[in-house]
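The following pair of complexes shares a single chain, subunit A, combined with subunit B in the former and subunit C in the latter.
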Partner chain A sequence: MSVTEAQQQSRLLRGVHRTLTGLHPALESVVAALVGLIAGAILMAAWGYSPWEAYSALLDGAFGGSYEWSMSLSWATPLILTALTFSICLRAGMFNIGAEGQMYVGALAAVGIAYFSLPTGLHQLVGLLFAAVAGAAWSLVPAALKMMRGVSEVISTIMFNWIAKWLALFFVIRILVDPVRAEKTVSIPVSGRLPVLVSGTSLSYGIFVSVAFALFIYFLLWHTTTGYELRAAGLNPAAARYGGIRNKRTMFLSFILGGVAAGLAGATIVMGMPPTYAIFGGMPQLLNMGFNGMAVAMVGRNHPIGIILSAIFFGGLNAGASWMQIKAGVPLEMVNVVMGAIVIAMSIPTLIRVFPMIAHASKNLLQTLRGTKKEESA
Partner chain B sequence: MNDARTPTENDFFLRAEQITKVYSDGTVALKEATLEIHPNEIIGLLGENGAGKTTLTKILSGLLPPTRGRVISPKGAVHFTSPREALDFGIGMVHQHFALVGTFTAAENVALGFERPFSRLQITKTTEDLEALMQESGLQVPLDVPVEKLAVGEQQRVEVLKVLSRNVDLLILDEPTSVLTPLEVDELFNLLRRLRDAGKSIILITHKLKEVQDITDRIVVLRQGEMVGDVKTADATTERLAQLMVGQAVETDIVELSDTELPVRKVLRKVDRTKPSILHVENLTALGNTGDIAVNNVSFDIHGGEIFGIAGVEGNGQTELVESLTGLRVPTSGQATINGTNILGLDPRKIYRLGVAHIPEDRWELGLVLPFTLAENAILGVHRWEQFRGAFSVLKWGKINKHVRELMERFEIRASGPSAPAKSLSGGNQQKLIVGRELAKDPAIIVAAQPTRGLDIGSAQYIRQTLVDMREKGRAILLVSADLDEVLAHADRVAIMYEGQFMEVCSPDQLNREKVGMLMGGVTAAKETT
Partner chain C sequence: MSFSDIISLLRISLHAMVPLALTALGEIVGETAGLFNIGLEGILLISAFAGALGAEAAGPYVGLLIGMVVGGGISLLFAIINTYWRGTQMVTGVGINLFAMGFVAFGLIQLGAPGFHIVPATVVVDGVEKAAQLAKFRTPWGMYSPIILLALILPFVIHWFLERTRAGLMLKAAGEMPEAADVAGININRIRILAAVFGGVLAGLAGAYMSIAWLGLVTKGLSAGRGFIALACVVFSGLNPMLALLAAFIFGFFQALAEWVKTMPSAKGIPYEFISMLPYIVTLLVVSGAIGRVRFPKYLGTPYKRE
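This part shows the complex of A and B:
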């Protein structure tokens, strides 16, 4: 009797187990996002703001209407691409922190198309191509160092970010500088701009570039031999080698693809950001887009489709932040706090298991408390 | 038999009553298992992989709580919530994978667990106690050397000492002989006998029939979580035990197991050695991971229709030899050709194109990408085949899945479907997947390293039969195995490898167990005869 009972119980358990593990990745991202928002709320409450008011303003500013949606998607456009940079390399087993620098270089290359004229259509394509090649080229050196000398890609890409940053500033101030307005680079002519998709907003056709590239990566990873080799090498390099996969080649390829994505991110910003279509002195539009992409990638579970969704979420946070500041008086920077908390929450392995653990512990605590109370009353 | 050893009604040390264990994923690992343990007795716990042997011992040693049932001692029911409580009660377990700190000495490892917070470690005292214990038990290990420098057999002795130093009454050993040389096995068994005669109880987990018959007093057989047999060793025959274990008569027309004899092949096959060999290896030398010479000047040929077996204790260069022949390691010198084409220094992809299939020793590290699905694993290495790949390298998942379903059927791989994660498969099914994938390459030569290690009898038998079938089809097979019986029963020629060299290459009928044992231990036949 007890065996059949046990079997029944086991069937139930198996069902629950399957449901939980199936939803696991998505669920974990949602839980992490909630943890981040709650952490932000606690901070706001501690400083005397109303979290409720702030978050409703944030939501309103992010997804309240077509203007808000457009702004959120505009923020999401480069984030999708820089997140892909991180994810492609992670799928191949490497930590590429270099999206930031590769994006700067891509943006510079895109500004370069201001110096010649081409018919509309071709001009944009050449701009994207320039940026992609430049981004890929910037990722080549860390990739080559890794392959030939075994230099950790984490260190080399971080260093290359700094080189790229100061190089970009030098180019912006000295080489590509607008002779009329010294605070910015020359502007990309109309023929080279990515047209605005929703007038009055900064949402451009760049979003199609991002989404198309994400879908391309999805297809590449799961439906081609190249992607198959890349994932195999990332999950088990020894088995990949055994299976005749040349790990160095897949490594190299993942770096190139990541560089292309980051370069394109730079291009979508300078070619699709009204009104100036140029880089300003301190590079405010570009700054941190590469690093934030890593957060997007983590929440998106390094899956191209997940990345699109999480980029929209993060884009919304960024877009809604100013409205939150205006309406609820909460400083813009609170959004960074929330993003940071989300990233930390994401880094906790098997986050959702924390909750059953807490439940279990509190139950035990209650029981002991009750026990002691009984003893006291007795 | 000794009178003291005959159990009486209340003369038991521990009794597990009606133990049922259901894991959180729903697996029923044990169904109402009941086991009584007496002093002065060695119990053999026999069963295939997944039969519940480890679960039962984990419950006894406090690592797992039972879902239902209870463990009682003559003084009443006992509940262990941790291994430490079980140890304090007198139950110690030596696991298959040692739990030693490599950089610590034997004494420090033994002291581990005795230490209490905020108190000084008493290494000197432990060392003295240990020396006394070594005298008493006859277990000798160097005490002042880091354990990682010790041989595996010595490390196991440290583990046993660790448990004995806790004054246990029940000692549980999980597959203790899998890493030992025949000589070390004898030593271990002598020790176990002495411990038994001193009043201890011992549980020995194994799936080696011969061992269990050698040393135990009582054999308990588990099958799929149920206790299917509890017999006195004296009354048990090998056939009966095997039958209990698998639930059906095991095919025994290839091998006849007996205590002293080797498994005898009824018919020795004739291999046509007039044709040129498929694999030719000459003076191959390769270094191990530490830079020592692992394969030392080895030469051999394998012809079509032949199984060439390499026996020997693991770690004597077999792994490095296999890696050298499959492109995973670059040898320092020598030659190796397949059908006349040099293979040394080529990468695995090129070697595979010459018709080499490789069933690797480590199926988790090398053979499979565990997070991948069954289908993704089934094409590892053959993913660039024309039939799986369209224009622009696009994978044809439809065709791949069809191929996988065929493999699943042909090789009896039990899984929910091509998209099941390889992780979710049992060891036997994972190995069948690898074997199926490799044989689907239609290779000229199959390099099979430990192809049946850790598998249940059914799967192991199936895989051996598959290799034999490939031999009948004229393929050359290199069979490397630590399972001596497996090599002797199937190989047409056997090489015994010791410290990177072949001690002897001969037909299996020219060997007997004693001779093989000595060769495996590095003693040449010449020395024996003189």
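This part shows the complex of A and C:
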């Protein structure tokens, strides 16, 4: 082998290595998803359901055709945004679990546009703006509490979620209530609705809002100084401070961006969800969208592009769940169980290595067993 | 406000204090050893559900025991992931919460009661009528659950354990200076797992207490943020068990106050929703007032890896 050949080969190997390490996070997400699905299958089998039947119904209901794809993407729309809330703050080194509450407040603000009329186009923009501002405002208090009093954002954002929930229930039942149909809020007029993209489904132009915001965050984080500062503060706050980065500023910025994302998520739900374009009494369309966004963010490895992919996966889980319930009789709550199991699996950094570890451990066990047998026979 | 009103308010406060106190005490032990579990909310929910099932099958004591076993089991998984497998504690905790929300909602449907399930006062086991809910002490000032007594004594026991025993010192070392502790021959991972399991057992007891010794029902939102309020108690206490008990009582009091105000005719003007916010607002205020003097173990939340 000549020198150049060897060089070429080593370059090739390095390339393969780079691709593999690049794929590594994606592979980990796939393994975690598999572990979650297996855990769900075990539970279903324990309760006497057929996991095979359930999962094939789920797959059918999620990606079986253009209607199913549209419904999955419609579920993915708010999930992309709430996932971004969590992941922007995590990039900046904070654990913001307040997407749920910020989303409620955003949805309320979006319903507010039903009270005035504007030309189509402008009306939607105003609705999105209202929701974004409301979501950001709701995230400011936990940010301020952290900055000024050192209150952990884990506690403050969760408390704010509960306060937002009661506040939203108050507004839905007492203030924004539809005078004709008391079980829901007033409906957003046609001029303020995000048009349906595929007729007969609930997929609306909201998906473009989500994807555009994800791309914006991607651009911001990796192609601007502000994004660089934000990530640096997340990786090593002390070093970032010595490097002249104002950590408090990046912290505030990440909270505001997160609030904007969560507020928009609320807006895409109420402004883009036919047929009523309103919030119902117990807020069934909104509940848990923020928490599920965290799962989406983790499986998407906190990367905007990864989040889009993982939101489609989780959107499919949610969209397929009702078909699973109809066809295989498995309650759709099973999907949340699977989601939780996936996140637990995601938290194991050595997940891929766990399988060889198990193989190794069982080999060791076998060896010890054989060893003891030898001693016994001797 | 009459004397009997005050007594009843105190009685509800004490009952509301118990799950917060037990969960917070368990978390104090876990955090002292270096593990931060935000999955407490999920543990409370699942063990409330499992405890209720156990109580209906074989009596309240079995129910409490099953709650403790389930809580300890989930914490064991949490602890193994975050010691030997060097996982990310926050992520595991979030996963536990998501899993619990789905699992309990699923389980309630399996019981034929979507949303909530009432634990009957008595059940018939093998033809014999047995109590399913834990009996309460009858006193001149109303009925009290015996677990209140445990919640009142336990902080002092845990304080003594952490400050005065060799094992307690080992626990602290695992959180403060794992390297030195390792050199001294302490198995860091094992200590952390034991501490977390103890915390899980207490959280499991707290969950089972809610369903079979206090409220007598399981709903899919039964925990209602108590796991996180318990974390707030821990933050407030700075890992001092007695202060955690005090915090739990304050939060329990405001929960009781909210429930109590709702029933008052003079409070008709205040919307129910605003009264329900009260405990969460107080939690925020208390925690933001308490922060600053608190110091946590140096290696809290960091997996230990031998060099």
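Throughout what follows, the second predicted complex is superposed on the first by the 343 of 378 C-alpha atoms of A that agree within 3 Å, B and C clash if a C-alpha of one lies under 4 Å from a C-alpha of the other, contacts with A are read in each partner's own complex, and residues count from 1 in each chain.
In the analysis below, a contact is a pair of C-beta atoms (placed from the backbone, for glycine too) under 8 Å apart; a residue touches a chain by one contact, two chains touch by 3 or more.
Keep in mind the model is a prediction, meaning the values are calculated, not measured.
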Which of subunit B and subunit C A:T225 touches, first, second, both or neither: first
Touching partner for A:L59 - first (subunit B), second (subunit C), both, neither: neither
Contacts of A:M334 with subunit B and subunit C, given as first, second, both or neither: second
Contacts of A:R241 with subunit B and subunit C, given as first, second, both or neither: first
Subunit B versus subunit C, judged by how many residues of subunit A each one touches: C
Touching partner for A:I344 - first (subunit B), second (subunit C), both, neither: second
Partner chain in contact with A:L129 - subunit B first, subunit C second, else both or neither: neither
First (subunit B), second (subunit C), both or neither touched by A:V31: neither
Complex interface listing, subunit A residues touching subunit B: 2-3, 6-7, 9-14, 17, 223-226, 228-229, 231-232, 235-236, 238-246
Of subunit A, residues touching subunit C in the complex: 43, 47, 95, 97, 145, 149-152, 154-156, 158-160, 162-163, 166-167, 169-170, 173-174, 288, 291-292, 294-295, 298, 331, 333-350, 354
Residue ranges of subunit B touching subunit A (in the complex, touch as defined): 18, 20, 22, 24-28, 31-32, 67-68, 326, 328, 347-349, 352, 358, 360, 365-372, 376, 379-381, 383-384, 389, 392-395, 397
Residue ranges of subunit C touching subunit A (in the complex, touch as defined): 38, 42, 77, 81-82, 85-92, 94-103, 105-106, 109-110, 224-225, 228, 231-232, 235, 271, 273-274, 276-277, 280-281, 283-284, 287-289, 291-292
